[in-house]
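Listed after this line are the structures, all set down as structure tokens.
The same chain A turns up in both complexes below, where it pairs with chain B and then with chain C.
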Partner chain A sequence: MSETTSTPPRASTPQRSSAPPPKESPNSPKIDPIYYFFLFPALLAFTLAITVPAIVGFGYSFTNSIGFGDWEFTGIRNYIAVFRDEGIVGAYLFTLGFALVTVIITNAIAFFLALGLTARIRFQRTLRTVFVLPMVISGIIIAYVFKFLFSNTVPAIAQTLGIDALSQSILANENLAWIALVIVHAWSTIPPALLIYIAGLVTVPEEVYEAASIDGASPASKLWHITLPLVSGYVVINTILGFKGYLNAYDIVVGLTDGGPGVATRTVAMSIIRGFEGGDFGYQMANAAVFFVISIIIAIFQLRLTRGKASFGS
Partner chain B sequence: MSTASTSTAPRRMRAKVRYNVPATIILLVCAITVAIPLFVTINMSLKTTAQAVDGRAFTLPAPLSGDAFAEAWSLTDLPRALSVSIFITAIAVVGEIVISSLAAYAIVRNWHRRLFRWSFFYLLAAMFIPFPVVALPQVQMTGMLGLDNPVGVAALHIVFALAFNTMLFTAFLRSIPISLEESMRIDGASTWQVFWRLIFPLLGPMSATVGIFAFLQSWNDFMMPSLIISDPRLQTVPVLQSMFQDQFSNNYNVSFASYLMAMAPAIVAYLLAQKWVISGLTQGAVK
Partner chain C sequence: MSPSPLSRLQTSRRGLLAAGGALAATGLAGCGASGRKDVTFYQSKREIFDHIKMLLAELDAAQPQYRYVHDVASNLSAGFARRNPPDVALQNYNLEMSRFRERGGLSDLSDMEEASRIRDDIKDLADWYPPYPGRTSVLPWSVAGAAVIYNRAIFDEHGLSVPTTWSEFTALCTELQDAGVTPIYGTFADAWTLNQGMFDYTLGGMIDVRTFYEQVTEIGEEVGPNAEHSFSKDWQEPIARMLELLPFHQDDAPARTYNEGNTAMANGEAAMLLQGPWALPEIAKAETGAEMGMFPLPVTEDPADLKIRVNIDLALWIPEAADQPEGARELVKFFMQPEVQDTYNVDFLYLGTTKDAPPATDPRIVEMQSYYDEARYYMGASQFIPNTIPWANYLQAIVFGEKPETMLARLDSDWASLAYRA
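This part shows the complex of A and B:
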């Protein structure tokens, strides 16, 4: 198949003695060409399926294309229009607020569940299995199940109990529908955050707590002064991953509220896709480009904010 | 059931192991919130149409009926959607394992070469590109290339998972000592043979993790197939649920039977492969 070349261990340098000392020696010693063949499918697929569409789409964001047929170059007109489009700006504000609330609630619940699940509890394995289960259920399908619960079951229970505020479906209320979205996203996305917190909490050695107990620390102060600082790295990971996921919210929104009532719960992802289905291509690509830049800025901001402060236990 | 008594307590203290009873009770109560939607799904799907139409979630089925499953099965033409979903998922699982592990192996063994190092960061960039951003040109291009079908969706699933999978495989490969493969090379084995006979089997646990995640993501995805696949008859199981929303109308037993059949494969896969789901998530996060 190919000649046998021994690849050097990563750290070894003796073969380079005669060459000038470059930082890297890209072609020496000889590389088995089959490595290119190993790497090539991934690079090719990635380039064709992501890089090229991203560049092409970015190009179209400067045109009035509707997705097919003729188009004209329109400069940055799309971008100006995006920032003036109340529907799109509204979707950004809604998505950011929704993502912020959901990431806080989900992380808080996941963290306390993880504390519980790493304590000396009964049925530990079974409980872990149960709490992770929501992760494997399709977002749109669980959204349909919750849609039934919010529009039939909750109002029925509220009527029986005489709670007026909940006697009508919150999905039909444009001021409350977002709460349903937060609940279903939390239900569905607590498991990954929970597992990451469990992984973090088991790295905190028991002795640290014992020492604190001897010094008379209360459970709350142990949590605040010992546990949280030691697992802060995991909080960072969960916040970044969670925020990224909620910014892209689509499946559950489509299934639960479909962006409604009206456009009260329309997310950015939905505005891009609905706009495209409505015949805007160039315009929605400008929207997508803005969305991409905002996502990157948020990710960098989160990393900066937490740099040097994150700890991954001991 | 619980392992606490055998694993965490030293033998002589076994009699003294105390469970945290309040924490156990709180968690059991919390577990009910996980169980309710699933209970309602099963409960509603076992009712007759006449009983389900009142929309009451907690009344038990009387009489118990399996009719809703038969009706959902034929109404939505579920077998066809199931075969499409299985087709996409199978390609995604095999493709993700093979392509990512090959790329990761090439990258780790040639880390001192610029091309491979940069390729790694290039692939990682996908983690920061949300699907909605590139979705529209992808819809356009898959249409032009004749890939507006399940094959195109499977290919996109593979590509979008590349970053995470390659990261998992490279982390795992770095922990495999190079001396193992050197002795094999001295015996005259080619890189190709080294990979398939030695490295790929060693990657087994990681492949299991990548595979189960590929399965879950591919099986449950709604956004990509709904946008990419142009022929409604070639749609996947989750998309089918949204296509039939109107026709389900108030036949809640039929809709919930349909939901249950759509969820079941993922739940079964999870219960069988739980270990790999959990280890993959925790390892992926810490790297």
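This part shows the complex of A and C:
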């Protein structure tokens, strides 16, 4: 991440600055082997649990394996079938659109909440805790609670108030169910984004604002010309992490809409996992490989777009 | 860092070591002292955990050789993939399970006396899914007979009798509607309930499910609008009939779920529910005393066409790769004893699978027995579509207003794609 930024994230961690990292210091001749020792277990675990299975799985994407028993090589048939599969192409389009909308909404709300929560307000600590609470609840539980709200509470309120448009559950509406997904994902993922923004905003030194005030800058232009440029690095982090998370949306989708109504909200991760369960191992491995490549392309694109422009505080 | 987390870490590490030691000690003791071999028994049907636990305790006490470990959570596919499946299982027998059998993952039980006690037509029922040649790999243990669940009191109140033809059925629904009663309670939010209910009942009543799947499997890659048989062609008529049922459901059916349907039935909010026998104990849980019965959904004008939907609710099987095949067979013998098997089927409202199984007497399912004995049944058409094709979702889309032709064409192309890459 650091190579994409113009300044190292020094300012965000002032407490730990007492021990300078030896890697960055040009005149430290030897690197203490203890660092490798620290890295090794994680590297080993990652290799065994992620890299090796991924490579093996990639191999299976050229077979008709059901994950068990005999299999035969089928060449690139699975890949051809993936691109011909209306359901899978639909899932890609839905997932990309959904991730895009959600990442924008989540970041906008989280950013303005962070502005509010770093300002000198009453009950700042209490409010911060309240806003971060959704983070500790597991996705599937959130999904079930919201499912109840959307299919019972919201229609009941709408009926009392005479709002016809909302008197039927939006989860049962093919054209609106995605909105429910965006709302619930935003609700549950605003906290981590919020925390990162708060961390970013506290690094902007007060003097800059004072200087701006002396020059007569309005609050809006302070936000636009000072705050945003100085925390742009955090925006990048949140967008990339958020986008990646929404691309993999699974648990909330399963709990809330189960890909429905119809196939209106079926995500890529869902088709992959459902396929595995249905014994379509080789085929969904091909799908997963395609998904992996697409995710990488998106990440590279995001990094390119922001290279050299991101800043982490002053 | 302040010292307190560090010291906490140390205590916890010490605690962990102690716990680990204790665990190892008990593990060794469990193995050494009793000298019993562990047999893993897989069974994941939640509603019957307590019952199964009780049976296992009984079996443990009855013999000194084996200790049966009740596995309720492992992933079966992963277990088979790692060549480490359970030793024996009592599990729902469906298309996903049948894969393990088709690829030779399940051992032959034909030499067991228990296998010969199973009704021939029920043995054959297991073969609706692709079998492994020359093996009796699964012993059906309980069969679910599903149809239309109806509230007897509501029927009596309106002087209605069980309909045997489509026109009688629609007349009955209209009559109920005119009297201000919701005829059928819909739970469309749970797509599987559409599959199991209105879809399977209409399809099963109008086409020969087994033959149809043999045909489309044969045609394979070529399934589509121009093929001799296809989903778009053969299902068009049944789906149209199924959609005629929609106006008889309550208005908020698209937002209601399976559990809500059971509660609504218990509270007499609707006269009928298209569900299986598993819903009956759930309805009874509300303790409203509402009396239920079941009848097959008539979808034609000929009462001779009436059939019920069956599926193998539970079957016993032993994987080829079982570590303890002998212990596993002991369990199979124990579970196949009439007093064990029949008690379960009576208590949980399922139909017996053996030649000497007593007929169902519970008033809620008693009407199913004659259909079952006369082989007037079909397996649900939805039960032959692999999970990888989201048919339940397609069906839900149709019920919510999508054109059936669009979704059936999609099913055709999914089916063809599956054959293409097989």
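The criterion applied here is as follows: the second predicted complex is superposed on the first by the 270 of 314 C-alpha atoms of A that agree within 3 Å, B and C clash if a C-alpha of one lies under 4 Å from a C-alpha of the other, contacts with A are read in each partner's own complex, and residues count from 1 in each chain.
Going forward, contacts are C-beta pairs under 8 Å (C-beta built on N, C-alpha and C of every residue); 3 or more make two chains touch, one makes a residue touch a chain.
Here the structure is a predicted model, which is why all the values come from computation and not from measurement.
When the two structures are aligned on the shared chain, A:161 is found in touch with neither chain B nor chain C.
Set against each other, chain B and chain C touch different numbers of residues in chain A, with B touching more. Of the two partner chains placed by the overlay, only chain C lies in contact with A:259; chain B stays clear of it. Of the two partner chains placed by superposition, chain B and chain C are both touched by A:67. With both structures placed on the common chain, the touch criterion links A:116 to chain B but leaves chain C unconnected.
In the superposed model, A:279 lies in contact with chain C only, and not with chain B.
Contacts of A:130 after superposition: chain B is touched, whereas chain C is not reached.
Of the two partner chains placed around the shared chain by superposition, neither chain B nor chain C is touched by A:220.
Shared interface residues of chain A (contacting chain B in one complex, chain C in the other): 67-68, 152, 276, 284.
On the side of chain B, the complex with chain A involves touching residues 1-4, 8, 17-21, 23-24, 26-28, 30-31, 33-38, 40-41, 44, 55-58, 99-100, 102-103, 105-107, 109-116, 119, 122-123, 126, 128-141, 155-156, 158-160, 162, 166, 178, 182, 185-186, 188-193, 195, 216, 219-223, 227, 238, 241-242, 245, 252, 255-256, 259, 262-263, 266-267, 269-271, 274, 277-278, 281-282, 285-286. Those residues of chain A that touch chain B in the complex are listed here as 1-10, 24-26, 31-32, 34-36, 38-39, 41-43, 45-46, 49-50, 52-54, 56-57, 60, 67-68, 113, 116-117, 119-142, 144-146, 148-149, 152-153, 156, 187, 192, 195-196, 198-199, 234, 237, 241, 244, 247-248, 250-251, 254-255, 268-269, 272-273, 276, 281, 284-285, 288-289, 291-292, 295-296, 299, 312. Across the complex, chain A meets chain C through its residues 64, 66-70, 74, 77-78, 81, 84-87, 151-152, 155, 168-169, 171-172, 174, 258-264, 266, 271, 274-280, 282-284. Contacts from chain C toward chain A in the complex involve residues 77-78, 80-81, 96, 99-100, 103-105, 188-189, 191, 252, 254-257, 386-390, 393-394, 396-398, 400-402, 407, 410, 413-414, 417-418, 420-422.
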